[in-house]
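Pasting the structures here.
You will see chain A twice below: alongside chain B first, and alongside chain C after that.
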Partner chain A sequence: MTLEHEERRRAFGFVAPALIWTCAFFLIPFAVMALLSLAHLEGRAIIQSYDLGNYIKIFTEPSFFKSIVVSLEITLTVTVLSVLLAWPLAWIIATQVPPHYQRLAIMLAVLPFWTSYVVRSYAWALVLGQNGVVMQGLIGIGLLDEPIQIMATRTATVIGFVHFFVMLLTLTIYSNLIQLSPNYARAAADLGASGWQTLRHVILPLTLPGIMTGAFLTFVLCIGDYITPQILGGNNELTMPQLIMLQLGRRGDFPMASALSVVLMAIVTLAYAATARWLKMERV
Partner chain B sequence: MRRLGWIYLIAIFTFIFLPVIVLVLFSFQDSRLPVPPFDGPTLKWYVQVINDRSMMEALRNSAFVAFTSAAIALLLGFLAAQGLSRVILPGSVLMRGLLIAPMTVSYLIIALGLLTVFNNLGIRPSLWATGVGHVVINLPLCFAILFAAMGDHQKNAERAARDLGASELQVVFLISAPMLKPALLAAYFLSVTFSWDEFIIAFLLTRFDVTLPVEIWSMLRSGLSPATNAIGSIVFLVSISLLVLLEITVFRKPKS
Partner chain C sequence: MMQKSINAGLGSLTAVMLSTTSLWAADELNALVWCDHTDPALLEPFEKAHNVRVNVKEYEGTAAGLAILDQSRPGDWDVMVIDGVDVGRAVDEGRLAALPADEFDTGTFFPEVVMPENNTRDGVTYAVTEKFGYNTITYNAAKVDLEDMNSMSSLWSGKYDGRIAIYDYYLPLLGLLGLEQGVATSDLDADAVEALRDRLYALKEAAQSVSDVVASQTALATGEVDVVIGGGEWLTAVLAAENPDLNWSIPKEGALRWTQSIAVLEESENKDLAVEFIKYITSPEGQARLATSSCYWAMPANASAGDILTDDEKSTLRWDQQADYLSRTQLYPIPDADLDLAMQDLWTDMLQQ
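Here is the complex of A and B:
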């Protein structure tokens, strides 16, 4: 009994440093922020008033509430488009490429992942600009007479995001696909299913965990990102992170920025609750 | 059906590679705007970037923060995974949940929380503050990778070593760590990459000693320039080299 006790004490000693770090620099800051969201700004002074003024403002003033709608619309569009584009790519690599070259193929498919995030958004700004290769190319082959405005619109933001998340989802769906036993497809074929039926009714449902894990990651990273909408989307419509940064920059309104962060966090928690039963997080 | 597959592959790979090709190609642009028509090649933008003192300073800052914060995250994550995989402690699930939690929170929120607390304590923004934030985001990753990699055969080897009289530190650093070498390297390398590339925490928590992404960000504000393409291409080349190195040294499967 004492031996086990000793063992436990030691094990706890191993965990303690990481726990202390996480509490000191993650949990406590978040609690402080949650408290601060109940304060308000008078002039430049923060008055801790313990009221819901900021939250009421977020949900009643159109300029604030709109950022929630914009963020959700962009994030959901990006998530759906990325899944639709990534699944076929993952499937082709997992089933059509010879096993020996699969690792190479998947590394190639996610190679641009390794450019810097800020630089990748900048590169899309180059590509999509009025004088960029896409517009010049379309004019060159006669499809367009003059360039269309894509930069500084929501379309540019969505394109930049989808580019990044297609790569991420290809990884999660691919790793799900290669774990499936080929016997599933064989059994379906034996029972008379066509290739398409097998894909639709057998393989696709079996990749749901991979899809959902990737979709959840996409949702979390996309809704909290400041760089892509700021570089590609411009300031015509603001996402939540852009609005948070605006509160900080313009007048140092930490209470409002905190309240917006709490709302953002609540949305992510809801998304987690909605997808939790497919996520394979119990392993970690 | 087959032809459809090929068309799809060509389209999606064009989409994936388009920005990278444009980025690298126009870093060799001769005129001042990185847009068609291409009139290079020239290396003058690379020369300009390499001679840019603040850019090189930012590069050093980024490397320092990435390697240091990843090392701390790896050590903390490794120890925590050791402790939690060994025995079932009261509150194990809760502790695991707490350690993983930062993974599901936007970097912006983590940065804002730290900024608020540091402001209250009178701690000024600095490279160290950024490092603290980067440990917070990488610790869950290191912990998750290592915890998943620890299995029964390892527990048995550790027990055997202890029975043979090895001290606690000997067990951890002579038995567990070598057995987990691939997972440790993978966790470390991923953490270095995430910290190296991280923008928003570094943006909010540094003032003068900025990191590379922040420096590039301020470069963007003065408009498009092939110099930005050049620094972007350099960063890309470094990452790819590291990746290839890791692939051939650590993850190459022994030929069977």
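Here is the complex of A and C:
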């Protein structure tokens, strides 16, 4: 046995547990799900004759296709808003807060992570309700004469999501910002760049890996979330996870739920492909 | 010294193992249930009396319950709570075991909910009704015109736009819409259901949300909505002490009567214990606890529970008006599998409007 062969065997030995884990808990279940997505429901029986019927229904049935559109609209809105809010917050923490207070500032920023996701969503339901703090405050300061409906709308869903994902993005962007050498800004200043030009042409591009990593995580977690739209959206439109839950919990239509899940995974894969060149975690 | 410590340690370990073993040795009963059966106050007396543990799993909608059975191993489940109108369907599929009828005396039950046409087949009893109530109009009396609540049609008048929540369960809601259009639940076929599409969409247009039990209760309690169509005593009873204005009525078009039955599963390997559980649930004590379960209150099928319930509890359940309510309500629609899917498709379309 050659030395090279021995090294390969050893390398495979190190990788094998991860491979076995991935096969057992991702690849095989995914293959089963993909196969099931080609079956279909007749009455209450799952018929094992395989075709693309479920996929055709997803893309031709308006209420099914709309769930893809709704999910994408909400997810893209949430991702953009979260980035726009998180970047300045992370920048302030990284550059304006004294170093020994930064840990406290980050802890305060992620404090809401410590509460249950469901509880947080219900708390938003109460806050955004007609008799909630937001509405009463707006009426109190004279901005509104009577309550408007925010709860049970897409706006409420977006607010609930953005609150959560701003924290996540702040962490990824902050960890990127504190690794930047101050010499970049000094060099830009020496070359005559204004503060804004330095931010726009030096700092911002250098934090793109952190932004894109956080944005990708936001996209994946947001598009697959069931709780927030269910609690805050008032069932007034269906996202893909809600539609999947309807197939599972009410119809017992496992093939259609599988097909929707495969489509959801395909969307996430496309999002990964679009952002892959920035997703180098070691740079964050 | 060391040996003593080791011996003491081994002794403790053995004791722990034995106690754990005795825990494991206790019988377990696995029940597929609705959320009212998850209340520990309901289960504890049975668990203590029989030294067993009752494992419950909640499900929503008969199709989902039967799908869970399909996905489980034979014998995984012992007891199932099932919509009263779906017992026949489960019997047809061979899911339910015959019950010893002589051990279940329904003589003290409200006669309208014994439903032998549903719970028995060829003289064999397969299920027993345990609880019933109504899907109708629930409202905040301080915020609505009470006269309007006597007619379902007022919900489409525009007066309550943005103040209505629709209970998110297609069967009773389509049944109610049928009644509003003058179609009896037993006459709801594919054409009649399709004819309700525009009316359903218009209701969605007027509604603030389409919500499950908890969300409906929250919306009504916080003043987010003033009317819940599809609600009933099960929605307001737990909130009555907090806000006496929360009320419900049966409009002139009528309303739906829901019943839930309990049965032993044919593949159960623990049938004797399962029968004991059903005997407990249908006993006066079990019925009183089930009627006032923390998830939702509703009328017990066995009128003997009235001896145990307090006057306040009976008043909240409107015990004395039951004769009138029972006479003015209809059972749920009973769709076959295809019509059921068509109804769900319509419901999904409505949600996505």
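Assume the second predicted complex is superposed on the first by the 257 of 284 C-alpha atoms of A that agree within 3 Å, B and C clash if a C-alpha of one lies under 4 Å from a C-alpha of the other, contacts with A are read in each partner's own complex, and residues count from 1 in each chain.
The working rule: a residue touches a chain if its C-beta (ideal position, glycine included) is under 8 Å from a C-beta of that chain, and two chains touch if they have at least 3 such contacts.
Treat the numbers as computed from the prediction; the structure is a model and nothing was measured.
Asks: Applying the document's definition of touch, where does A:254 land relative to chain B and chain C: first, second, both, or neither?
Replies: Once the two structures are laid over each other on A, A:254 reaches both partners.
Asks: Regarding the shared-chain residue A:21, is it in contact with chain B (first), chain C (second), both, or neither?
Replies: first
Asks: Which partner chains sit in contact with A:33 here, chain B, chain C, both or neither? Use first/second/both/neither.
Replies: In the superposition, A:33 contacts chain B only.
Asks: Based on the superposed arrangement, let me know which partner A:246 touches: chain B (first), chain C (second), both, or neither?
Replies: second
Asks: Tell me which partner A:163 touches in the superposition: chain B (first), chain C (second), both or neither.
Replies: A:163 sits against chain B, while chain C stays out of touch.
Asks: For A:223, select first, second, both or neither according to whether it touches chain B, chain C, the two together, or no partner.
Replies: The first partner, chain B, only.
Asks: Quick check on the superposed pair: does A:100 touch chain B, chain C, both, or neither? Answer first, second, both or neither.
Replies: In the superposed model, A:100 contacts neither chain B nor chain C.
Asks: Check whether A:62 is in contact with chain B, with chain C, with both or with neither, and answer first, second, both or neither.
Replies: Once the two structures are laid over each other on A, A:62 reaches chain C alone.
Asks: Could you tell me if A:120 is touching chain B, chain C, both of them or neither one (first, second, both, neither)?
Replies: A:120 sits against chain B, while chain C stays out of touch.
Asks: Of the residues on chain A, which ones does chain B touch that chain C also touches?
Replies: Touching chain B and chain C on chain A: residues 122, 125-126, 129, 131-132, 231, 248, 254.
Asks: Hey, which residues of chain A end up touching chain C in the complex?
Replies: 41, 43-44, 62-63, 66-67, 122, 125-126, 129-132, 149, 151-152, 231, 234-238, 243, 246, 248-252, 254
Asks: Show me the residue ranges of chain B that touch chain A in the complex, using the header's touch definition.
Replies: 5, 8-9, 12-13, 15-20, 22-23, 26, 33-36, 76-77, 79-80, 82-84, 86-87, 89, 95-96, 98-102, 104-110, 112-114, 116-117, 119-120, 132-133, 135-136, 139, 143-144, 147-148, 168, 193, 197, 199-200, 204, 212-213, 216-217, 220, 224, 228-229, 231-232, 235-236, 239-240, 243, 247
Asks: Going by the contact rule at the top, pick out the chain A residues touching chain B in the complex.
Replies: Of all residues in chain A, those touching chain B are 4, 7-8, 10-19, 21-23, 25-30, 32-33, 36, 85, 88-89, 92, 96, 107, 109, 111-112, 114-120, 122-127, 129, 131-133, 136, 163, 166-167, 220-221, 223-227, 231, 241, 244-245, 248, 254, 257-258, 261, 264-265, 268, 272, 281, 283-284.
Asks: Mind pulling up the chain C residues that touch chain A in the complex?
Replies: Contacts found on chain C: 59-61, 63-64, 66-67, 70, 162, 168, 208-211, 215, 218-219, 222-224, 336-338, 341, 344, 348-349, 351-352.
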